[in-house]
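In the part that follows, the structures are each spelled out as structure tokens.
In the two complexes below, chain A is the common chain; its partner is chain B in one and chain C in the other.
What follows is the complex of A and B.
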């Protein structure tokens, strides 16, 4: 593509509309984006290699570092994979608690996303309420794990810390608080005519297109494909709770928003059910030996952005031999963005909206 | 219609602000279990280096401190660099004798408000806290002055 005919613009990594540590090189024809080239590498740390050089227990603190918005699923997936190598069976209590942790993480992530999508169309006011709700979740995490963002709560073998005394009441209080706030944000955004006008019909993906582009998660479900690992390949105790998998049909940016807001409500319902199953006082952790047996461990979880897989090969000893992470945002930022730009007329004003509606986590690319 | 957004906004317009003004009007949010700066009980530490081995940030090194420590014949103690520490708490968890514990001092409390000292002395806690991290020089003097006591811990 000759640079002379088009205006070339760098979008990110500091651009407020860019979803994080990532940049795009955009070719513009007037205000229409005709080509976008993704520029990754702003968070290149080589997580896989770093994990291969650290011991099993240290890697918990490595496993979640590349997605700030949704670290819990990454942490849980690592723990599940290592337990797969050790062939360890963790206590029921720990499974329920991990589900609460995972769903809290998903809700926090979706709330944070509503901040981005609101911001991208200039509706910042409701976005701030969402951040307040997320803050309440972070405080909840600080109470049970000691940290707000990177919790270190699920470790191979179970849950690291004993539960605080009023855990159940506190969790239900947070769930109720978040539910109210999330409904307010949902009403304020989804029923707003400006929001509808900007998002309807934008960034449309049909079910087949989404599948062939490798998309998973809420973006795929918004295109009408009912695929959710929690139902299709249940892990932890997801087969023992009742919840719906919200599915859309239009596959546009608006539908994705609808699906995410519905998911928040479903997640809160899962938390309510799981809290009831917890048995206070029963063990939360089995101790695993410092050296792992030789073997392979695989874990797949449905993170807030889609399917996340971790594959660990152990040759015995204190460190993994090979760690492979399959991230959830890779297709969103590469194939999907390319495809949408080639298919529909995307203006420079719509570009951040499309990105926000996909809700990628850019450091994923740099793992 | 933008009416739904406006109606909701009015609700939040009249409700109390959620944010807090830190540090002018209120203290940062804390819980009992917050993982913060470490305290070392030098009368328990046996100098086994386990904490150094498990630290994912490689921010612990072992230093020799002169004094009477019968349980620690080589007089080797961990020194923690809090400018590198991620406060993951692994060192505390894997210490076989429970010599390391964590306080709830985190974030900006670990740094002084003066720009000069923020970067030069990241290891020193704010004076007002009256607690000292496990740097070699600091903890020896802290023990001499009785600043560190066995109760000054939150999570063991």
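What follows is the complex of A and C.
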């Protein structure tokens, strides 16, 4: 494709419609996007290298900083992988608390996403509600861990802090509040005729296509593939709670929104069940030694954006030999965008909407 | 100041507009700040969609080399009066990423900074004090002082760092070419189709193949329902003289994973590209190429991607590339910095 025939436009990184600090080079024919090329790297810090230079416990603070919208799953995955190296069993209490943490993180991430998708089609009011509901979760996190966004709560061996008083009541209060607000946002978005008109049929992916592009997570499930690591390869205590895995069928941007809102409700139900299992006063942490045995540790978790995997190689000693982090957003920003643009007629106005409906997290592509 | 000047300054202090550019971690605290519950707009603040309408730029966190270049370019479009403020620790000291090869450590190396907001990450209320401070300053001082200037040697500095990186790359390549003849001491027995290691807990089965059979094996596995391409893991062993590669495939019905292990010698790190079997490999291979220096035969666009504009030196994930040492030498003047 010769550059002369098309107008070339840079979209992002400084653009209100870009999903973060990432750019796209777009080739336009009129207002139709005929080709897009992602330009990453604005957020690259080299985590895999930096983690080799830090000790096991220092790495906790590094392990989750490359997806600021959903740090909890990354943190838990790191802790699980290190426990895998140490061959440590953590207390049941800690497992349940980690599940609460993970699901709270997922709800916060999905609420944050509804702020993006609302903004991308000009529906700003529900976005305000979503941010307000997420704020409640952040405050809850601040109460149990001292931090709003980055929590350092799950460390190798269990949970770092003792539970505050009234933990159960507080959690249930937050869950009830968020549930109500999430339903409001859901109604205001999904029933809105503009929202429907803009999103229905946009960015369609069939299940087979999504799989061959390497997609996991809510985007894959919206295309009708019932695949969720919490069910298919359970970790923590996910095999002991009851919940549904919401799947869609159409695989378009609207269906993805529906699936994410259903997931919020399922996550809240998991939190309710897990809170009941907590035994206050019982230990939350086992002590692991400072230097790890030689070996490999793996953890796979279902993050808010799909499968996340971490692979750590230890040769003994206080530092990992090699850490490999999987990027959840890599397929969403690369293969999926390429494919959708080659297949359907995407206009420049729809491009940010498609991106928002995929919910990528650019820093996790860059790492 | 005349009455009119005062009035103008007062009015300007009540409408500080900021570039809507979410450059890093810290940006995630802005929605609560700007929307509900804190609602900055009642202070006359607004996120401006273009630099040409804005008064304020806040560096919201770590400054990767690519972002700094973009920022300086963008900042030149901001009309005066204009301010730069630095949010987050990373912008002030390098913070957590003090040894990162891809970030610059201080914003005021490149541009004059008016206000600092410390914290990792700063609470939304901390940004309030920044706004308060700016409002006072704008209302009570002369407009001529309201310019954060780009430092005169900002671009030279960037060029100097890049030169050092290129020089290191040259040295590294020379060193590698000298080592090329060294024999590898590495045991490898292909196990495919059997697993040489199984983990029931994670549902992982690892198989190993030689690199010339890799494509064929991946194709066979794809037909056996391992359709989902997850990742390529690479591990560098300089003492053994090899780089190990793990291709990770997943079965989307059962959740099982197959890890296909192979290796390339460090002196000739070449392996067939599999992007025609798994489209996602096109991008992951590019990442592996720039980070680990493994080359892929028949790959259509094997060039820098994430590191483009961030790093000119040797592939950073190689074990004999001490990026932290390099950063300490070039950015902190050789001080050992606790290592």
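By our rule, the second predicted complex is superposed on the first by the 367 of 367 C-alpha atoms of A that agree within 3 Å, B and C clash if a C-alpha of one lies under 4 Å from a C-alpha of the other, contacts with A are read in each partner's own complex, and residues count from 1 in each chain.
Here is the rule we use: a contact is a pair of C-beta atoms (placed from the backbone, for glycine too) under 8 Å apart; a residue touches a chain by one contact, two chains touch by 3 or more.
Quick caveat: nothing in here was measured; it's all calculated off a predicted structure.
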Check the residue A:108 against both partner chains and state whether it touches chain B (first), chain C (second), both, or neither. neither
- [ ] Based on the superposed arrangement, let me know which partner A:21 touches: chain B (first), chain C (second), both, or neither?
- [x] second
Applying the document's definition of touch, where does A:48 land relative to chain B and chain C: first, second, both, or neither?
second
Query = So, A:132: does it touch chain B (first), chain C (second), both, or neither?
reply = both
Is A:174 touching the first partner chain B, the second partner chain C, both, or neither of them?
neither
*Once the shared chain is lined up, is A:146 touching chain B (first), chain C (second), both, or neither of them?*
first
Worksheet item: First (chain B), second (chain C), both or neither: which does A:13 touch?
Response: second
Max touched-residue count on chain A (chain B vs chain C) belongs to chain C
Practice prompt. For A:61, select first, second, both or neither according to whether it touches chain B, chain C, the two together, or no partner.
Written response: both
Is A:160 contacted by the first partner chain B, the second partner chain C, both or neither?
first
Interface residues of chain A shared by chain B and chain C, listed 61-62, 129, 132, 135, 150
In the complex, the residues of chain A that touch chain C are 13-16, 20-21, 39-46, 48-50, 53, 61-62, 65, 68-69, 84, 112, 115, 127-129, 131-132, 134-135, 138, 148-150, 211-214, 216, 220, 225, 227, 229, 232-233, 298-300, 307, 309, 311, 313, 321-322, 324, 326-327, 330-331, 334-335, 338-339, 363, 365-367
Note: in the complex, chain A contacts chain B through residues 54-55, 57-62, 123, 125-126, 129, 132, 135, 139, 142-147, 150, 152, 160-161, 164, 184, 187-189, 191-194
Interface with chain A, chain B side, in the complex: residues 1-2, 4-5, 8-9, 11-12, 18-19, 29, 31-35, 53-57, 86-90, 93-94, 155
Given the complex, residues on chain C that touch chain A span 19-25, 27-29, 31-32, 35-37, 47, 49, 51, 62, 64, 66-67, 70, 74, 96-97, 99-103, 120-121, 123, 199, 201-204, 227-231, 233-236, 246, 248, 250, 252-257, 278-280, 282-284, 291, 305-310, 316-317, 323-324
